[in-house]
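Take a look at these structures.
Each of the next two complexes has chain A plus one more chain, namely chain B in the first and chain C in the second.
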Partner chain A sequence: MESSRNIKVALVGDTQVGKTSISTRFIYNRFDFTPVSTTGGQYKKKIIFVNQNQVQINIWDTAGQERFRALSELYYRSASAIILVYDVTRMETFLNLKYWIGELRAKGDKNAVIVMVGNKIDAAERVVSKAQAAQLAAEEKVFYKEASALSGESVCEIFNLIVEQVQIMQNPTEEVVSVKIQEQKDKKWFACC
Partner chain B sequence: MRPLIHDFEFNVPTVKLASIQINKDLRPYEPIQDPSIPVYKLRSIQIKQGLEADFMQPVFVQNTLINGVPDESRTRGDMWKYALSYLSPFKKQREDELAGMRKTYRNYVQCFLVDPLSDTENLSANITKMRQHSIQIVKDLLRTQQNMNFYREINEEQALLEGDYNGLIPQVLKSQNLSALFRILFIYSNLNVERYTQGQNELVSQLFMTLRRNDQNQNPFLVEADCFWCFQRMMTTMRSLFDLADDASNHGLIASTKRLDYFISKLRPKTYKLFVKQNISTAMFAVSWITSMFVQLLDGPNLERLWDVLICQLFLREKQLLQTFGYSLKLQEEVKIAKDQIHSIQVNPNDYFYQSRKAIIDAYVPIEDEEPGQNLLDYKRESWIDYMLAFCIVVVEYTVNKGGDEQIMFSLQQPTVFQEVEIEVMIRQAFDVLSEMRREIHGSKFSQFVKKFVQ
Partner chain C sequence: MDYDNIMDEECQNALKERLLLLREIKPEILSAEGDIDEYGFFKNMDKDTECLKEVFPQFLPQEGSVETNPELEQQWQNILIGPSPIKMIKKDNKDMLKELTRKGIPNHYRALAWQLLNNSIVLYEENEVKNQQQNTQTTYCKFLTQKIPERAIIQINKDIDRTQPRLQFYRSEDHLSQLFRMLKAYAAYDPDVEYCQGMAFPASILLYYMPEAEAYWSFSQLMRRCSSLYADDLRGVMQRQKVFRILLKEAEPEIYNHLEFIRLTPDIYSTGWFMSLFLNQFRFNVSLRILEQFFCEGDKTLYRAGIAILKFASNFQRLKLKYKTATDLEYEFDKCSKPKGGISLLDMPMGVAMIFIQSSKSCSASNSAPNG
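Coming up: the complex of A and B.
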């Protein structure tokens, strides 16, 4: 596995749940209203500072449509963290999570940190409830967060959690200080490429 | 002994392999007698004259497309239609055939969209059934080429004209052009087993935009019908890239990226070392290039120019194909066979040409235990993509040479080379790479085989 200085994160999930939007929000802190559909995969990276240490986050953004699932494997196979995205306004994307978790457990890294993320919580017509999702997360023993790429709510927290958990995974004996990624506005700390 | 054919696929290896014979008269940037006439104007005139001919020579189509269709001639749409074998090469038959195809398309619209939606008794049941196809298509259409004004959504009043197909689609498409794309893709997904796949939206959008821009009749519905059939024909050859079931074949998407890996390792070993070091495989960036034929990387005139060449690759001359498989035919016979059952012509496995094709396939080693295609359609599917791979290699080469080692994967995602290098230059270089690719294959296994045969 890569060292905690260099974390590989893969974004997976059904089509049009907002995988690309989450990564764009995290990296550029902006929202594209008309992104293009991802075919194959996209690579993005960002250098962040965690407790004065430089950490490079490599994000692999995958295509959601069934036809490209065989290829998504390439991306999440060696990832140390996987963000599994579903859309809180569409039940079928939530129901597919079981399939995804099965795939990730079978083909991904055994120690990978899996975070289930319900996207689009800003939308009014919510279908998947928080309790429902929390229950699934507990059953499957994965982490669970809700976020909105549109408003930017909680997106940074997902990555806080990932950096923290990857550190725990890699140095189980060391005491991990709680992770706080520096605020996005602070240009001094936040180098973007 | 059967004469050796100097085909662009199988040149004798001892001769220098020029990949494609370009007719010098049609070559752009060639000095001409009268310097007062710009070259593109001269070529426009030539092309317009050529389109008037009673019989459309395949070599004319090929030469025109490889050298590029000048934008101002407004013939690009027609040339693409010929290259995709949508327009008949015989002038006499052209109008009748066109009318027939357009009528068929109108029937499809009737069967798949108008009738089910007007059937009031079963309306809601019909819509639930049809929605599985429509929702995904609409989602992708709303993010297709949105940087183009052509596909931008327009104001509310005009939008009311289009409607939401009685609730078939989740939201109103506020652009007539988007509605046309929806009908094309929806009917396509109903008629074909593998259904709609992402990437197809990009292809149709570019095809429709070009056909519409170069249309003389200004009738959007006829353009839509033409676009549907052109797309259908494109997919006949390209289908395997979009069909999951074809991943285990020599012409599938996985095999294509493996081939690209193979060629980079052989032709650009330095780049390949870099890839291995950084754990990069071409599948990580080239998939979107290949499935959308570079639509997501390029746009405008550059893209259309590149598509001229790519579509020309989809159009392998039937005669060349037949010769490749050892048939020798006259023109009339050729056209007849081409129309009726060209794809079902079987190849004799002991044939010299089949053997040479097998040598090439063996050299790629994409999928184990997979024999090369035994009929012409398979052959076409295997070979058309070679130029696209060559172009990928050109893009990769520029990007790698420019960027620092660290940044390589990042810059491959958003290559900036198109802003720096003329597309014309890159297209020429890709042809050089293509002949390098062929030389590589021939050099490895094929040459020994041919040496034996020639002696």
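Coming up: the complex of A and C.
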């Protein structure tokens, strides 16, 4: 039986950590070297196939400046997954994660899958270590991934994880087979990873 | 006048550091090579527009039509550089200027016309020209030397190269520095607003058309109209969204009903529209006309532009039948069954168009609308 699903994902995090770049990489599999800063919320979507089932990923990308935080709430409030991005080359973006997680827990859906993502791991000057981030993720009981929107490394894995975890969350009794997003070769806009 | 070394040390160093970083890590941002169009934009950088061009050529606005009209040219010439040029908007010339602005402003008169419409010509003369003649510090320089909070410096710095990367003009360190200084000076002048993402869009367009200090005064005047959009709690955005919702209901009840039905309210889709004064939503020549009418007429221009976007979108349904070639875009459009109220989108940000398509298919937007 064919089942169609919708997963709403919100991208949040400090300014210039690469929220838009991660969504651009996932949706179009490209990297924009001359990005424009995001104001308000931007919507993008992608249809993927998981175990022959169509799943639509709806991404809401948000602005990072502090002033927009009340506004971001509008987008993550009802999201089934939230990608919380920080920049592994900027310690302050990592230190702000505690604040963000508190906000997401207080105002977001309590069942939302929260994935903490360290972006820009391609950069040489990393200052936030893997161990440090893994520890925070364990303490806060959120998922944790590292990725590079520039090289594309691990970006798809974030979404694999999300699809898998959202399935578990929505159907706790069903057995969920491990998720691997399948490519639709004949439709070029499905190209990912 | 050279403003290069006037800023306070903290800003000076922060800017230097940023430019160095761009040079080393993101050389693409400073590379000015490539084909550009008549307005100075790099060609082929906008995938969505390219896509539209192929599928719906008739939907693209005609270019150059109003800006080359000789009669209009003559009228603006008289006003701006004639024997007795107008320097200020007053009661007796307000309506005439409004009418003329609606007809259009020839591109090469924009710098002067915009300063007139923002009523910044006299301010510039009083604060800059006079002080320079008397060899005293100009007001712009005074703001440049003032300190601003570090968070503002950091945010401005992060945005200067992310505002108009498609304009060749902003692939230069000098012009990025000018944009930095303008925004910094405004942050010093108005500590309540300081700097907010979004402000850089109108600032960058003013600076593109006129010299730094003139652009600053024009920007400062523009902010008198709309600084609440960027104030700490973004209250101006929310107020305008409330008004927009009511106006949409009056003007386009069908569209309004459909949007309410799928729970897509203006607070979700229009924040970016208002905060960038629609500068990123249309082709550049259309954006400029919206901006200059906003100078002249204020908020109602923004409401009209928003309603226009939604109307464009709703007209699309009729067009769909004509085109049968399979492209990415059309695949998306084809999938939608006829939505309630006959709404579908075109010539609007593709992102928003997708929401409509998705929601009309399932008739439930629980996952697309954040409020769902």
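Going forward, the second predicted complex is superposed on the first by the 178 of 193 C-alpha atoms of A that agree within 3 Å, B and C clash if a C-alpha of one lies under 4 Å from a C-alpha of the other, contacts with A are read in each partner's own complex, and residues count from 1 in each chain.
Simple rule for what comes next: a residue touches a chain if its C-beta (ideal position, glycine included) is under 8 Å from a C-beta of that chain, and two chains touch if they have at least 3 such contacts.
Given the structure is predicted, the values throughout are model-derived calculations rather than measurements.
Participant: So if we stack both complexes on chain A, do chain B and chain C clash, or do they fit?
Facilitator: After superposition on chain A, which the two structures share, chain B runs into chain C.
Participant: Would you check which partner chain A:N29 touches, where first means chain B only, second means chain C only, and both and neither mean what they say?
Facilitator: neither
Participant: Between chain C and chain B, which one touches more residues of chain A when both complexes sit on the common chain A?
Facilitator: Of chain B and chain C, C contacts more residues of chain A.
Participant: Who does A:T39 touch here: chain B (first), chain C (second), both, or neither?
Facilitator: both
Participant: Taking the superposition on A as described, I'd like to know which of chain B and chain C A:I7 touches: first, second, both or neither.
Facilitator: In the superposition, A:I7 touches chain C alone.
Participant: Looking at A:Q170 after the superposition, I want to know if it touches chain B, chain C, both of them or none. Which is it: first, second, both, neither?
Facilitator: neither
Participant: Thinking of the overlay built on chain A, is A:N96 touched by chain B (first), by chain C (second), by both, or by neither?
Facilitator: In the superposed model, A:N96 contacts neither chain B nor chain C.
Participant: Is A:A79 contacted by the first partner chain B, the second partner chain C, both or neither?
Facilitator: A:A79: touches chain C, not chain B.
Participant: Give the stretch of chain B that clashes with chain C in the superposition, choosing among 6-14, 330-338, 384-392 or 438-446.
Facilitator: None of the options clash except 384-392.
Participant: For chain A, what residues appear in both contact lists, the one with chain B and the one with chain C?
Facilitator: 15-16, 34-45, 63, 65-68, 70-71, 74-75, 78
Participant: For chain C, which residues are in contact with chain A within the complex?
Facilitator: Touch list, chain C to chain A: 26, 28-29, 45, 47, 151, 155, 158-159, 161-166, 196-198, 200-201, 230, 232-234, 237, 267-273, 275-276, 280, 328, 331, 349, 351-352, 354-355, 358, 362, 366-368, 370-372.
Participant: Under the touch definition given earlier, write down the residues of chain B that touch chain A in their complex.
Facilitator: Residue list for chain B touching chain A: 136, 139-140, 142-144, 146, 197-199, 201-202, 242-244, 247, 253-254, 279, 281, 283-288, 291-292, 296, 409-410, 412-413.
Participant: Under the stated contact criterion, what part of chain A meets chain C in this complex?
Facilitator: It is residues 4, 6-8, 10, 15-16, 28, 33-45, 56, 58, 60, 63-68, 70-71, 74-80, 187-189 of chain A that touch chain C.
Participant: Per the contact definition, I'd like the list of chain A residues that touch chain B in the complex.
Facilitator: These residues of chain A touch chain B: 15-16, 34-45, 63, 65-68, 70-71, 74-75, 78, 193.
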